[in-house]
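A, B and C are the chain letters, set down in written order, and residue numbers restart from 1 in every chain.
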Amino acid sequence: MLTIQTPEAVMFWFLAPLAVISAIGMLLVKKAVHSALLLAWVMITLAIFYIAQDALFLGIVQIVVYTGAVMMLFLFILMLVGVDASDSLTETIRGLRPIAITAALGFGGLLVSLIGRATLGREAAGLVDANSEGNVQALAKLLFSTYVWPFEVVSALLITAALGAMVLAHHQRSVPRATQREQAIARFRGASLGSAAGLPNPGVFARHNAVDVPALLPDGSAAPNSISATLKARGDMLESTQFELSEVDNTVTEEK
Amino acid sequence: MTTAQLLGQDPGWLIAVKAVMVFAICVLSTLMAVWTERRVLAKMQLRTGPNRVGPAGLLQSLSDGVKLALKEDIIPAAADKVVFIIAPIIATAMCFMSFAVIPMTGVVNLFGRKTALQLTDLPVGVLYILAVTSIGVYGVVLAGWSSGSTYPLLGGLRSSAQVISYEVAMGLSLVAVFIYAGSMSTADIVGSQHQHLWNAIVLFPSFVIYVISMVGETNRAPFDLAEAEGELVGGFHTEYSSLKFALFFLAEYVNIIAVSALASTLFLGGWHALPGLGFTEQWLGGWFTLIWFFAKVNFFFFIFMWLRGSLPRLRYDQFMKFGWKVLIPVSLIWILIVASLRVLQQEGAPRSAILAFAAGVVIIVMAISSLVERNKEKVRSADLPEGEAPNFPVPSLPNVQSINVSGGK
Amino acid sequence: MTFTAPVLNYAQLAPMLIVLGGALIGVLIEAFGPRASRHASQLFITVASLVAAFAALVRVRNQSSVDAAMGSVGFDGAGVLLQGTILIIALLSVFLIADQENFTALAAAVPGSSEERESLQLDLRVTEVYPLTLFAVAGMLLFPVSTDLITLFVALEMLSLPLYLMAGLSRRRRLMSQESALKYFLLGAFSSAFLLFGVAYLYGYSNSVTFAGIQASITGGSGNDVFLLLGIAFISVGLLFKVGAVPFHAWSPDVYQGAPTAITGFMAAATKVAAFGAILRIFYVAFANAEWQWKPALVLIAIVTMVFGSVVAITQRDVKRMLAYSSIAHAGFLLAGVIALSKSGLDASIFYLFAYGIATVGAFGVVTLVRDSAGEVTDLNRWSGLGKRSPLVASVFAFFLLAFAGIPLTSGFIGKFSIFSAAYETGSTAILIAGVLSSAIAAFFYIRVIVLMFFKDPVEDGTSVVIPSALTTTTIAVTSLITLILGIFPAPLINFIESSAFFIR
């Protein structure tokens, strides 16, 4: 059997339950971001296990690739979806949940009982042998000699993935987007110079300085184009007349 | 004896002492860095900068820190409490962790034992730093998400996109260093530069790419889009106050020092003295190398300040375009060239073949860049659409009217 | 450290390399080619690389080696036959795919949005399907010849990923198409995970990931049988998912219905050949000596698959769904060849795969022709009386259905006969009985469709048969001709397969 040194055993019995608990928690928590975080933690734990077993390169790469890149992209998407998005837990087909839980428990129980009784039946080689020339070197040797063909084929797989992402997400513009320069030219060569210097900011100074109230122009009229189009469409625009000062106190008080 | 073997002999108490030392160095240099930055920026802008607390304002950042710690700690009602508290802790802890593999001195005498001021030397040390910083980003992203408000969320989104993009460029720029040094351990890379030339000279394009992407990676001006004050109030840390904010502040500066330290290690020869000044390495029992190391780190830190003082912030799309369409392709091509040169060298190709290859590359690069320039020229000189003459007074353009030089009274 | 450079046998890898090269050129055309000529050049590249790959394959047809790619690829007679079948089917499917009426104009546009309308007006085309098809073909070529589990997994992913994508590119009923693509992707990822899990167990069992190593361990009997059992079970889940055997079939009706019809034809025919090729190799080479471990389960799955596919197909009201269930039933028939575990079983399976694949492409080719103003009509009720309006198209379709049913004078009859006799020879009487019974049930619903087309009055709702393009005509003509020839005069192909089909160990 593989001899396990004490610090490694202590670390394992400390981290393994944590990993299992967070893996289960990942299934049970409601917010997707929490799930993603727990999954990231499981991945980090795995990386620590790899490192503890002398697979230093593998452990570090696990963190860089999975935790650093894949989970980060995942979080990125979740944030784009929305801050408060929780999974809807209504069943579309009734009665699936008990069936799923029973099946999962049964399958899991079967696996645990089978694997729990199984032994490897021979000495594990251990990574000390495999690492005799260095972890990175040994991996490189395998990748570029024995497994060179699947390794090269994976590159085609990655190209496929990139191409697929382009197919599914690339919007072909029918008209090229106006550059800043073109926009500026259009603004000044256009029919009116009204908006050439930018639109007025919303809000009536000192009375209701908020984004939902149209600004008052110097002549006292309201400027509805100072309000964001979203607010207008939502109907959240207020009248600015109610915030106009009926009479302006122009008397200058004497400073003492 | 290699550094790894040397460090392997450290007893437990020495490792603990060194860990405390590294931590203290990080915190102290943050305090100093804040003060330096404010003073240097002030000089650049013809102001004085903080000069009241302590001699020359040296204690200003300390008093700011105390003030921050004493402020009220606010957790917004809409925040996701657990994540809100974890986020700054992740951000700060990960910055400190990356210092574990930075070699700060050569062989020194510490409490009667021969060792080096470096916690550990991993065979994949540089990758370890990349891994740790990539986890550090979680702090920023989670802070943005958990605050439960729009500006921080936007800041978090921006920073995650930014760090992922620039980490790719950064990783690629490091590949050339690995190829050249034949190792991913920081100590070995320092050693290989000591035997040959600095990587900053041999691998100049990698050096430039690294320096650019390290600014992008640390969210500093002109790439500080994640906390763009003008658009996002404070970005990801808008809702943070008191000690939690202080942690982010600390993380930002430790991060800057960490990437600067990595830059000095990988490209400027690490703790070794400048070429020709090698005799200084024995002074103070080897501790003088720490001074060399910090001189180099401070050089990079000065670049950070200089950039902040002189460049405006980039527009977001320009920034992303720069990362993906310029930095990454350029580094890929550069790696290709470096790898070919390396293989030519190792296979024992004659010097003339190597020179011919290098000359060919230079010619191709020049041809392409001149083509691009000509294209730009065309776009620039393209006629503007003619419009109505404006019906308002316009100042005349300076180069249109001839200036009467000889005129005067 | 010493490093010896790997030695690859490029002649034997040439078919795959040519297809991959074509795909890469296609990607470059997408990136840099002018939009106007993209479709024509892509079609040319795709057809040319498939033909060139076939030529390269013919050149090395008599070679065999285990060392084509450092032990990752086994090149032998069965591999050549399967690769050839895949290339022929792919070529015929590409002719169907060339009819871009089936594909969306812009996959990124939200269904029903103004952007979608604009892209339709601009006549944009998703010409990326050509390189994607080639990537899938390359994966399929690799799948049946891979001789270690890692290559097997990589090939599985490579053939699946483009198919997941292309399933979502339908021009009409896009939401359904996208849903089907997502379903296919999620379930496919799930089954890949099972396969990987199985790989891990087999590695634990035998300390090797090559088929030969696993076989040696089984013969030596030194390893732990629990690991072997789990490994075989999980790997089978992954592979049976790809062929759509019950209970891993849930994706296939939805995906067959949602995907663009040309892609459905390609997927139904070529994936089945590739996946059964891999199943045959892994069970004949790696697991052959552990027969007692997997045979009972596989017999049960085969019987359930045949019966379920045939019975459920009766209730279908949609042509594509019906064909999907029929393909599930056929997967069951094909499993009989795997269970036979004999030379005759292997011969019969390869013949069946060829005959079934060709007929499937042809049948889906006919389905693309029946349209109304809103696109293809797949509702069976609206097919009634088709034989009176377009007798030729209806008879061709009827012919394919008869081939599926296994009526004499079609290729299907020879295929079914040989595969069941192979199963009977090795003593699987249960399979034989179930097979004959479900064939009878299947014949019922095939003939019901024929009755519907020829002996019912046509419905007047705008359903009509469009005049096929030259390429589609070629596909349908060639497929029906092959089906007919194999039905009347199968001996040359059978003899060829018998003389050359074997698995190298």
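Following the convention adopted for this analysis, a residue touches a chain if its C-beta (ideal position, glycine included) is under 8 Å from a C-beta of that chain, and two chains touch if they have at least 3 such contacts.
All figures in this text were calculated on a predicted structure; none of them were measured in a lab.
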item: Nearest-to-centre chain - CA centroid comparison; value: A
item: By number of C-beta contact pairs, the top two chains; value: A-C
item: Whole-Å gap between the CA centroids of subunit B and subunit C; value: 52
item: Centroid distance [mean C-alpha coordinates] between subunit B and subunit A, Å; value: 24
item: Chain centre separation (subunit A, subunit C; CA means) in Å; value: 36
item: Touching two or more other chains - residues of subunit A; value: 134
item: Residue numbers on subunit A that touch subunit B, as the complex places them; value: 31, 33-34, 37, 40, 44, 56-57, 60-61, 63-64, 67-69, 72-73, 75-76, 79-80, 83, 134-136, 185, 188-189, 193
item: Parts of subunit C lying in touch with subunit A, wherever the complex brings them together; value: 1, 3-6, 8, 13, 20, 23-24, 27, 30, 69-73, 106-109, 115, 118-119, 122, 124, 126, 128, 131-132, 135, 138, 142, 148, 150-151, 154-155, 157-158, 161-162, 164-165, 168-169, 204, 207, 222-224, 226-227, 229-230
item: Subunit A partner contacts - residues on subunit B that touch it in the complex; value: 80, 83, 122-124, 127-128, 130-132, 134-135, 137-138, 141-142, 144-145, 148, 153, 156-157, 160-161, 163-164, 167, 184, 384-385, 387-388, 390, 392
item: Subunit A residues touching subunit C - in the complex, by the definition given at the top; value: 111, 114-115, 117-122, 133-134, 137, 141, 144-150, 153-154, 156-157, 159-161, 163-164, 166-172, 174
